[in-house]
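You will see subunit A twice below: alongside subunit B first, and alongside subunit C after that.
What follows is the complex of A and B.
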């Protein structure tokens, strides 16, 4: 059986920053798993974009608790990133699955879920309209900074 | 490079038990994944809930979840701070376990410990529960043991049934 769920890279934030980039992702796996264990200086969404592309080439949908006992949904089309988490000063845990990331034929799809207890739980699905293989991922926030001690890890999954 | 999705322990029940314990969890991984395929004898129309506790500590837990219920609706709540998942009870199709995965982050660190879970319970002929939860144990101790317990549905309580399986894996980020 081939080795799988291999750690590709891990980054621990040592200086609060608006973004974290993990590059030189090899194309030798089938899928990628991203685990984010993170905080933020404000309460906001954290997104990811690929290969430095900040064009309006992303779309995503989501459902989440609405804070009053119900569930709400939403979507963002033609945006500059895919949201995959909501952060605050409370430690949060999210896991994203990026499918078939190294193929050069189809667009790339992502689904993720997680939350920060007891404030928020959310699930996302999104796509990047590019046929390029993903070789870098940038995680970013809009108004605050990703907190010191936040950890981002990328794992590679092999189908065979 | 080696795989890091490493089996730590697997338990398959041979008789009904009110709880399942993983102890002496090695401190050599980054995260833990707990896969569960479990059934119960709790008296309920379809699914009950059950809890997780770490290191035998009963306090410091909080959580939020969203779920779809058999009526076709969806809801959220914060009333299950130790939530480990939905579990089928006496009203469900027999011998169809839940499918539940907990991801426990950074379990050896001196920070608080978050976990997230995905679970589905289905009754083959008619209905299902599906849930997504996020929880936090506000404790700085490394997690060395896990207990799954407290199966309930309203005032009813129950036990895990024989043939329920619980598998704990360690994930390394380097």
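What follows is the complex of A and C.
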């Protein structure tokens, strides 16, 4: 049985920087899974954009709970990235699913979830209004930096 | 994996069982049949779009062609403006949440985990995360589902709630092995 779910690439941040790009993603899988184990110096959260596209071609929504006050929700439309984590200076773990990332007929959908106990748990869904196959992902923060030691791993899942 | 890199986590034994891509004529439903009993768990991963008149559309499933009132769900839903919870018991279908519909090229995402699907000593638990977002609205749902049956699951049928699945909807079924 051929491997169906396998790691494609891992990047470990050695110098604090505003963004991390993972490029040359092969088109041979059906879905991508991104696992981020990271910190953000300003606690503003991190987003991702694709193929270097920083136009207002993204939308996303989210819901979260911080242990008090019940579940809250919000959205951002016509924005320049899809948020997928609410990082803080304490390392936290997020997983994002990018389905059918290499097809050239549909816009791309992403959803992710993660959290930082005991502060909050959060989930995002978003789309990139492009029919281009995704061949690179850039993770960025609005201000501040992604911390040293942050790890980003991309996995590929291959359907029959 | 690229040379010199190490993975953060090992994926384990995750294998593709079957895939359905909806063709230009659309499909009233998508069904996985003859699901082998050789895995511990199942996962469905899909991009979804149905012929609903408003955005988003919605979806549901049935197992082993069981149309009796043997399903329940419990869900958390949000649309960017408000969040809510809900439940439904003794249903003839298992609701699985939002999918794409009217907006061109815009599909929903769906991941459904089905745990211990071959067990003949307990009811079957489902966990799903579905979402559909366009540039003005959308919805996302976390849900759990229950099928009140001791039968092993051998088939799963997925429906759009208000119409047919549209072209390019893509459904993939995977099996997860245990040691």
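As a working rule, the second predicted complex is superposed on the first by the 157 of 160 C-alpha atoms of A that agree within 3 Å, B and C clash if a C-alpha of one lies under 4 Å from a C-alpha of the other, contacts with A are read in each partner's own complex, and residues count from 1 in each chain.
Keep in mind that, in the parts below, a contact is a pair of C-beta atoms (placed from the backbone, for glycine too) under 8 Å apart; a residue touches a chain by one contact, two chains touch by 3 or more.
As the structure is a prediction and not an experimental result, all values here were calculated from the model.
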Which of subunit B and subunit C A:105 touches, first, second, both or neither: second
Contacts of A:78 with subunit B and subunit C, given as first, second, both or neither: second
Dominant contact partner of subunit A by residue count, subunit C or subunit B: C
Touching partner for A:30 - first (subunit B), second (subunit C), both, neither: second
Touching partner for A:123 - first (subunit B), second (subunit C), both, neither: both
Touching partner for A:92 - first (subunit B), second (subunit C), both, neither: first
Touching partner for A:63 - first (subunit B), second (subunit C), both, neither: both
Contacts of A:42 with subunit B and subunit C, given as first, second, both or neither: neither
Partner chain in contact with A:4 - subunit B first, subunit C second, else both or neither: both
First, second, both or neither for A:115, with subunit B first and subunit C second: first
Contact residues of subunit A, present in both the subunit B and the subunit C interface: 4-7, 10, 35, 37, 63, 70-71, 113, 123, 151, 153, 155
Footprint of subunit A on subunit C - complex, ascending: 1-2, 5-9, 11-12, 14-19, 45-47, 76, 78-83, 85, 105-109, 111, 129, 131-136, 138, 140, 142, 168, 170, 172, 174
Of all residues in subunit B, those that touch subunit A in their complex: 1-5, 30-31, 62-66, 74-78, 81, 103, 105-106, 111-112, 114-116, 118, 132-136, 171-174
Subunit A - residues contacting subunit C, complex: 1, 4-11, 30-31, 35, 37, 59-63, 70-75, 77-78, 97, 99-100, 103, 105-107, 109-111, 113, 123, 125-127, 129, 131, 151, 153, 155, 157-160
Contact footprint of subunit B on subunit A as seen in their complex: 3-7, 10, 35, 37, 63-67, 69-71, 90-95, 113-121, 123, 149, 151, 153, 155
